[in-house]
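Both complexes below contain subunit A, partnered by subunit B and then by subunit C.
Let's turn to the complex of A and B:
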């Protein structure tokens, strides 16, 4: 998409956009998926989030889609835009042609239309991978917290920026074939807690969580996750790093 | 009929009752239980390492092999000398073509191992196949499509390489300017070699690239810039070796056509006395 060529000339009439939206209501057994076209006028700086709200307000109040923050922080509005996972609130319509196809993220449980239950899967994965600070000793709540080097805190924060939007899973070839695969979101979280000095787990403990074909060794390095991640997390580097660490663990 | 009656009369199982299972022989069941260790097996890690390692060795072999074969472009005599060098006449006094057989057998073993390890990642069954193809065409993502190309070329290589390797294992002594050219042209092998060239160089190039990004080698501090650089190297690798391979194959075809009348005659380098090896 070359944005430069898509910029409207000043004074030119606004474009008419057609959004082809995949509609389906799994709660109704008779519902069959179909594409419904909605037309609207493009506005200056319009995002898909704005376009969808306009459609829901003026054309079809039954259209289902999720959003909370409209600023790329909550991770609710991920969907397939012309086949590729993206956040609706960060997708400018001017970067696309006048026909845009929207579909729900694959892999996750469909709630209806563009709304999927990423939260259920994320919660299950968090429990399965124990993505919390695991400490072998009881914490003294009255003591001062141990200090951390700013560089380390930065590195942890960098990985903590994940918003669990599910784009990496929807962009992952392995996850399409193996629904038990933990995906980049799961591996990134393990990388994050592995860095944390408060977490007392060793690599042998992490091997128990991701040392199999549903974990890091299932990854085929197609890097859809890395290229699609709306937060531009360093997923390629982190997965390669975990692979090396877990491979060393496998040789023990 | 009796079977149906029996099923109909069987008492209904209470809900959530475990399904009746067939039991293996008690000894077998016991030994498989005691073999089990708690926790994740170390084998997924080892198999992943072995897949990468076998691929790396095969790719390096491919590179070296291409340079050896391409010596025909410099002179017939040089290729003759390279072929004789690997028969280690300089070590044993007499050329030992059996050494070539052994190396070819080793490569075959490595290839089978690599194919078996890589096959674990292939789509298994229609559901996975359909899920991946739909994903690939939806996503239009370079590295995802490249992996598919690797699956396709890898699958082709199962068949193409074994044909060539069987020749090398069974007739190791027939490697030389005339001998190889006769195999290419009079023996009608050139279509196989042509397909093999494209499949192997494309598969090897993508494979080496993926090895680097998979393990994080040669990527540098900026992963995106590193990957762009690796992508350029991959293109250059495939283009260089396919070009070199095509020119080399053409040289053998050319020589094979010129030598077709005398097909079967062994090459004797200038200054050597022809020795009758008998008809091969």
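Let's turn to the complex of A and C:
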């Protein structure tokens, strides 16, 4: 997380920003990737959400990007900001120089310009890792809920906060070399369901899902994921913990 | 022309659509869900503070039940809602929260023993009972008599959406992402699915289904200052309106949330005030008790927003270079509480304002937040006007919320209505009415009409810019059809919007790019949004009273005598520049809770002539059944369980009640 918070000097003229945006439109077979520069005046509190929308409204209506919540909670707008994966909507321009380079997240299928298809990959990974509560019994809707220790509920939420933005995959060395790697997002989900007593799966079941090089043993511990995660999830400890549990399981 | 078949087509991949799809699939129907974005990115994720359900586990929730939740909801609605629907909802909400618990939502739990909370600005020690330890806890929210809002820190919607979305993946329900329904396939009587645009390549496809359910959420993006996500443009409601036969109800009933950060409009949860946060003015003075001595910061949202605007108008606003605002002070809750229970709020303050809310006050001002109105449905979610069309969630006017909804009731409505409407959809599909008899000629005709709409924009080369017209519409709505309304301003707004609608038929695109082309998408949506804006503003102009969130300076009283009715807006002729309005009276003779004072806000309603008679009937029934089981009393006043699917009719267990 970059927390420079350059405060503009009072009375100073607003900066001219130049956004260098990597453009490509796969819908057009002739389209080749190129960097296009857009200039605009910086405003107070300007985020990349505001800047990109201003460019689209006033300079190039064809520019493609994804925003939904514009509040840093939905994970739609991850992109490379000066080469580093980040949520564009909550990236303040004042924390950067007057030249900012924007590129789509690597690894994911490109839709166009800054828009990538994270949703398709996340659904595929969810199906592959079965990231849901596996239960055998039907829920009695009329009865009191099952009890849970308050601290455990909070610990589960800590891991449940993942927003599937794709930053961890984009910043992952292993994923760059092995496109089948489930990444920190996948491993964190397994850690989350493993922690949840409502899920009836055992470590032997989880080993079947992540006990190989595409799973927890593929991680090279470069931990770009941990440094980059916009939600500051404890990915480093979760991956290390899972690896130990899965190693024990593999030796059984 | 590609045609895709399913039993059920759900338009919208937020909580309501996903839950309805699951319910329909569970009853044996094959379901396809369409979503503008990957479903986990839906605006449901933005619900922060919690979901109302009367579990009564926490100490301050003791004594809560469906009856209290029902009364709070009706009072909150300013008697504008459907009381049978409110009963169905409050009865099913505990079941929904418990089902979600089983599906993995990490609800915060009751911890036995002493804890310190902030109530009315002061620390208070509560002792939670050992009996309740580990059950789902609740926090305080506005307009409620009990602490009833079940929560997962301040990421409740996120946790719910992920759990429900994961269940749809587990159930194998296909979600077609980045798809937008652009027209309903219908013959004026029966809906047969939708024409759908792929937002990646721009191609159109016909989706044919026995039943179609619109669950596309609200339309906050009609406004400039809104907490809503950028995808909340109301297109689901707009394509229903475009049929000419499906009415939208109470479109003028728009909620403004008191605490959107200023000027970005990003929401900070009502949980901030529920947990003890205070509103302060330019002098640091806590002003809400001056206006609302009873509920203070926790009156309903319409009342708090109005009081805030009045306080700013009285010269008490703080200001920065963007304009006037007030302060939300949560410093008294302490860093530990903020780090655990309000961490999204903390992140929002950190990233968008550069402040630490444990140390500094948050600049806030009310912003558009929720649309109570929408596609008018019956208690089972069936839309009026077209057989085989259903709606649920914020897109619908099921009419749980009337003219003001309580915080925590909408995220609850998404799943509750999804459970109820999804079951009704499956029952419809399995009934003789559900059989699909549709001609390919009709599908082709609807397909070609949709194609022509896009072609007309692409080939027109007019002089107007869609993004400029959009901004003008949003500015008009915020300035003239906002929190405090007046006939003159709304009249001007209606004129402006009509002229914008005409100008929107003369758009010119700056270029043409392969694929879905965001400029074309915006231009197409603009024409739909302008019609919705006209439904809102024209409906508001015609409603010469104040009720809930619809407040008029020139008609400040609630007028039950003339206005205890729902506005129905339809658009029978595409050439019209104003909606056709009709009205549907609310039936006092069937109300369990006849109109009265809400317990907060101004007490000056003009009474309906039938109110006193119905109140006497209700009092007599209660007196005759004194000492009876509360469910028996309720059933005598206004039976509702027959409206629910059988598996949702059972009594809810609580500590000390059926447990």
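Going forward, the second predicted complex is superposed on the first by the 239 of 252 C-alpha atoms of A that agree within 3 Å, B and C clash if a C-alpha of one lies under 4 Å from a C-alpha of the other, contacts with A are read in each partner's own complex, and residues count from 1 in each chain.
Methods note: a contact is a pair of C-beta atoms (placed from the backbone, for glycine too) under 8 Å apart; a residue touches a chain by one contact, two chains touch by 3 or more.
Everything numeric in this text was worked out from a predicted model, so none of it was measured.
K.L.:
Report clash or fit for the pair subunit B and subunit C bound to subunit A in the combined superposed model.
P.N.:
fit
K.L.:
Quick one: classify A:106 as touching subunit B (first), subunit C (second), both or neither.
P.N.:
In the superposition, A:106 touches subunit B alone.
K.L.:
According to the stated criteria, A:76 is in contact with first (subunit B), second (subunit C), both, or neither; which is it?
P.N.:
second
K.L.:
Once the two structures are placed together by chain A, how many degrees is the angle at subunit A between subunit B and subunit C, based on Cα centres and rounded to a multiple of 10?
P.N.:
Taking subunit A as the apex, subunit B and subunit C sit 160 degrees apart.
K.L.:
Once chain A of both complexes is superposed, is A:244 in touch with subunit B (first), subunit C (second), both, or neither?
P.N.:
A:244 contacts subunit B only, not subunit C.
K.L.:
Once the shared chain is lined up, is A:20 touching subunit B (first), subunit C (second), both, or neither of them?
P.N.:
neither
K.L.:
Check the residue A:143 against both partner chains and state whether it touches subunit B (first), subunit C (second), both, or neither.
P.N.:
second
K.L.:
Quick one: classify A:207 as touching subunit B (first), subunit C (second), both or neither.
P.N.:
First partner only.
K.L.:
Looking at subunit A, does subunit B or subunit C touch a larger number of its residues?
P.N.:
Counted on subunit A, the partner with more touching residues turns out to be C.
K.L.:
Once you lay one complex on the other using chain A, what is the shortest C-alpha distance from subunit B to subunit C, in Å?
P.N.:
15
K.L.:
Both subunit B and subunit C contact which residues of subunit A?
P.N.:
Subunit A residues touching both partners: none found.
K.L.:
Enumerate the contact residues on subunit A facing subunit B in the complex.
P.N.:
80, 83-84, 106, 171, 173, 176-178, 207-208, 211-213, 217, 219-224, 226-228, 234, 236-237, 240-241, 243-244, 246-247, 249-252
K.L.:
Under the definition above, what is the set of subunit B residues touching subunit A in their complex?
P.N.:
39-49, 120-121, 123, 128, 131-132, 134-141, 143-144, 147, 210, 213-216, 219, 223, 227
K.L.:
Give the list of subunit C residues in touch with subunit A in this complex.
P.N.:
For this pair, the touching residues of subunit C are 37-43, 45-46, 55, 95, 97-99, 101-104, 106-111, 133-137, 152-153, 155, 158-159, 162-163, 166-167, 169-170, 175, 177-178, 200-202, 229-231, 263-264, 266-267, 321-322, 340, 344, 347-348, 351-354, 467, 471, 509-511, 513-515, 517-519, 522, 647-648, 650-655, 658-659.
K.L.:
Tell me, which parts of subunit A touch subunit C in their complex?
P.N.:
The touching residues are 5, 25-28, 31, 44-45, 47, 56-58, 61-64, 66-76, 90, 92, 111-112, 117-120, 122-123, 126-127, 130-133, 135, 139, 141-150, 153-154, 156-157, 160-161, 163-164, 193, 196, 198-199.
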